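Residue numbering begins at 1 within each chain, and the chains themselves are lettered A, B, C and D in the order written.
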């Protein structure tokens, strides 16, 4: 739904935010929304949001309408892979920011690609360290951790391979189990999936499943187990059972790019990879007032791993390679 | 590995997943008996889920949530009945329209009431109480299976019995069935079939309301858009499967729940999720097929039973 | 006399749409929106420019096809609720052709892809049809189940065996250029499939209204005993209707691939088959009505999006209004009867006619 | 004169397009048997449905014992002591006899639950009292029309009705059943002082049973007279509005050749029970072979086997030497067999379809109506429909009316028109005049005889012995799936044949 914003004297730069899905997922799309909201606060731009609610018959039209409205169009969702290569050339004066894929060589298109596998690697490492931390209530010494995915699609698998690799990095014989709920919008399914994982011995379950993830958190609370959030820092939803979140700074990166475009400091037609290096992905431990489950050593370990990944000493696999 | 799949949690999962299906399908089978196919259950469940949260959040009591959901259920049941029975509109269309209405309305109200999109959860939402059947404490297996469920799990089982008694053991229930099978016969007998049809539709609204509340206040403690997630349609399948008989429908609902639980667990063994998720659906078709085949065989047997030359 | 009935129906149809728009207006006002502004931008969004008209028409393509698919199956008294699944498989079939036989020329390739999609869709509908006529298994439940199965199956195919190399998509590779139906209006997805649809529409109208097969299908749907007695091969007609229905849905899927996305996407359909079913039901399976109603639905969808973007009237509101429109259209006959009997009652006449015992 | 129990004053009923009752007035006296006769569509059922509260009159009032009454629903009627047995039965198929009898007034235990045992008791007691034998536990769907008739009557009696309306009760009954029914009716009136209104088409019955008779024509009341002053001729003329003469049907004798040879047919009914135990007969061109038998002795199954609607387990059917056993209905039609089914509503026509559509069935693939068997030629189809409507005097506003709005008789004429127009060599005709009025009966009988005289071979099944005797050249009797006798028409009397029909005597 489009939020009308009062035309602001300072600048009347217009941003159109096109979402493959819809707002209210408390993760991916909401995070992108925060980006433009921030831009409005800080830079006084105005914006409209174009939601496609996962309806393929709207992708093209919404993108076109956004292009007609805006100076900068931020496209969010891998679903736009084809359109992002067609539409921009039709609107040469509009700048496009395409989030969550990698396309090169189109002058007015900058793509932002996140290394979700890198972030997930850290999440996996953390989970692996926690799952034997019997000092924490509800955790046993069994070396089992879990993940609930929304759909079995490349992006989500990318989360998984990173998560698994991270865990194995800490402890090779750790057992990492994944369940795909088959839906991004069915928390009940998410809860059952998580419940099954917890029942199977996992104490910590990472989710990459949008609204379905809400059910994972509920299961964690109900069974006195623990969960790791995704995309946004979701700890606030339930600080006592969500130990951390794998953050994908979609909003931040969109915000940065908008500034870059404004100040014209952008190399045209480029792919910007947001990995651990640019803090595009990472682990969030919430705010100070929240109980911290991860000990300082753990956090230190995480930092060490992070450094190694950035230096390239640790090779984080991606979904595509896995399939080979 | 085997114990990963077949264990008590499988049964718990089955029960939990089946409950909303049972509740909704009990409502749907009443309209079925009254000669109305109600595919509006999906929307009715969604509305129940939403208003359950509303009531619980604002009045700080899960009972209030239930009552509000029931109230809305009655209204939507009346709406459905008015169009299908009085205006003689196509029940398919009205059902679909109700699903659309529920989809739009809940999203819209979610925003105008709670100012959020997508999902609403809050510690102020009071969940439904959970059972604590201490007398089961002794027997661990029964305890894990039957204890610590939300009230509606038990309500659904009780309702199965009540609905059965009503339909087959009371005059009123007999009239309801007659109103579907041969309304004219009922009318000439001095009973107004219209009233019976209305009643069935209102009860359906209420039961679907229960199903919704169970989702948003029992099973979970939150509301998300489209959280009914096709349960209305599966409930309808259960009704058709159980030939609108309360007990058979209950069995069908449990079957769905079981296949669903099985599917999720089989993923752990490494079967691609798309296939494990097919299990409930393919399973249903296969079971239907087996049932039908046996039925035919039985019929043949009857035929061979008796011979011409006596 | 028949035609008089039809025009009468169209008029009251129009009136009921009007009535529901008025209600919608009140809803908007209750939300502090200006209904006039809203509706103008709605109409404008649907028909305001060449691009908008094109976008509207583009949306009607799958609706018309799935609408006809429903008409023919419901007419024969067998209920194909499985259009969505047939559409998915048809779409995948077409995509498969498009990525496999990459060097077929368009004149051969495109019809071939369409044919394959029709066959896959048809076969997928054949299964429930056979279960129905041979084992008397309810086709509604089977087709509903098969919908999900198809979505999951194609979901697997495009994520593993046929996953595209680039772009993190749950999708097949892009089909060869020779298969891509050309676009008709700049920026819009309207493509030459619309012409195919016109042809198919004419064929369907002819089949249903002007041929002995269409007649037999109609009779079978009305009274099976009568049809058997009259020498119609009932099972055959039901299967025939179901398969044609499935084929049409498959073709609808093919056009999404060949004309819009140029590859098979996971979740390629937002529920076209359901809308198509709705349309066919509303219009009582009348072939011409299906086309008009599809355009109306397409316009509503396109228009509501533009309206949302232009005025900020939330689209949920539109779907609320849309469901009210549907309620009113469905209630049309009933309302008419009620109003008539009301006037009949005035002047101390007692009501007549509507009882049916 | 006796006191007036019911007065219907100036009743009019307007249906969309039809004025079913036009200012009709009728008095019913206490304790009388009042017959109402009239052609199909005359408005008899409508008038009675108004009295029973199923329809509201457009104009007019109803008085009972001199008091004006409003009968808005059947419940009002029931409370006024009115009961009605409908032309088309009002029984719930999947319910048991007992459940149907007590429907609406179920006995209860502890206020809430149905007391099924009590219901059974009630059913048994009633069938005792009135000598109408029924099995309370049987499901209605599995029962013959005769039995269903009884249940309907018991249902009415159970509600304590003093005024009993019977709408064409005998249309579906065998002679024996009719006699029993009349006994019951008389005892109801004589012993229990009940009042009976009976609609029928069979004038002989009127004369046998009623005290007074009212005649309706085209929605209007022609008049009421004491039965003792009436005879068939008078009534018939009042009904049809012109002279009807029952002249004997003239038969041409023409060369007979065997066209149908049926050997040793064995088949089962829907419940899987044996219905035909090896039936054999043959049929010649230019003859009418009547099958007499009490309903439910295999007639239906025999017809279905002959027309390909039911599989036989053994036997042979030679049509001009071509084996036709267990062939598809279409193939059998193509061999030259036309069929007028016994149940026109469920088999003979589609109620939702227009006359046009109903009358083209079977021709819809034939030139010139379907070019190359596919393309429908509307012009020709409509012309044909109009022609048949005239030829067979089908009373309808237009051919675009749906069949459901025709009255029973006209529906039947439509079916006959379609089947006769095949000009098939063999005609299989079942219950051709069931629920049809005299005018139409005369017409239909003539048509049948004409067909015969033109050389068609006709197999006639009828529950109406008069009809069998009037039309047949040869008669065979069917009892429990076996042929118990075969006679030339003038070899045997109605009474004698009754013995064969009930298996008391065999050849």
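Here is the rule we use: a contact is a pair of C-beta atoms (placed from the backbone, for glycine too) under 8 Å apart; a residue touches a chain by one contact, two chains touch by 3 or more.
Predicted, not measured: the structure shown is a model, and the values here were computed from it.
Looking at B-D and B-C side by side, the one with more C-beta contacts is B-C. Distances between chain centres, each the mean of the C-alpha atoms, put D farthest from chain B. Rounded to whole angstrom, the centroid-to-centroid distance between chain A and chain D, based on C-alpha atoms, equals 76 Å. Centre-to-centre, using mean CA coordinates, chain C is 45 Å away from chain D.
Averaged C-alpha coordinates put the centre of chain B at 28 Å from the centre of chain C. Among all residues of chain B, those that touch two or more other chains are 111, 184, 187-188, 272, 274, 277.
Those residues of chain C in touch with two or more other chains are numbered 152, 155-156, 159-160, 314, 316, 357. Shown for chain D are the residues that touch two or more other chains, namely 54. Taken as a graph of touching chains, this assembly has some other topology, since it is neither a line, a ring, a star nor fully connected.
Chains that are in contact with each other form these pairs: A-B, A-C, B-C, B-D, C-D. Partner chain A is touched in their complex by these residues of chain B: 4, 7, 9, 13, 16-17, 111, 116-119, 121, 215, 219-222, 224-227, 229, 260-261, 264-265, 267-268, 272-274, 277. Chain C contributes residues 31, 131, 135-138, 140-142, 144-146, 148-149, 152-153, 155-156, 159-160, 274, 277-278, 281-282, 314, 316-320, 322-324, 326-327, 329-331, 333-335, 337-338, 357 to its touches with chain B in the complex.
Residues 51, 55, 59, 152, 155-156, 159-160, 163, 165-170, 174, 186-189, 256, 260-263, 265-270, 301-302, 305-306, 308-309, 312, 314-316 of chain C touch chain A in their complex.
Only residues 165, 169-171, 174-175, 177-178, 181-182, 184-192, 299, 302-303, 305-306, 308 of chain B touch chain D when the two sit together in their complex. Looking at the complex, you find that chain C touches chain D at residues 1-2, 210-213, 215-216, 218-219, 222-223, 225-233, 349-353, 355, 357.
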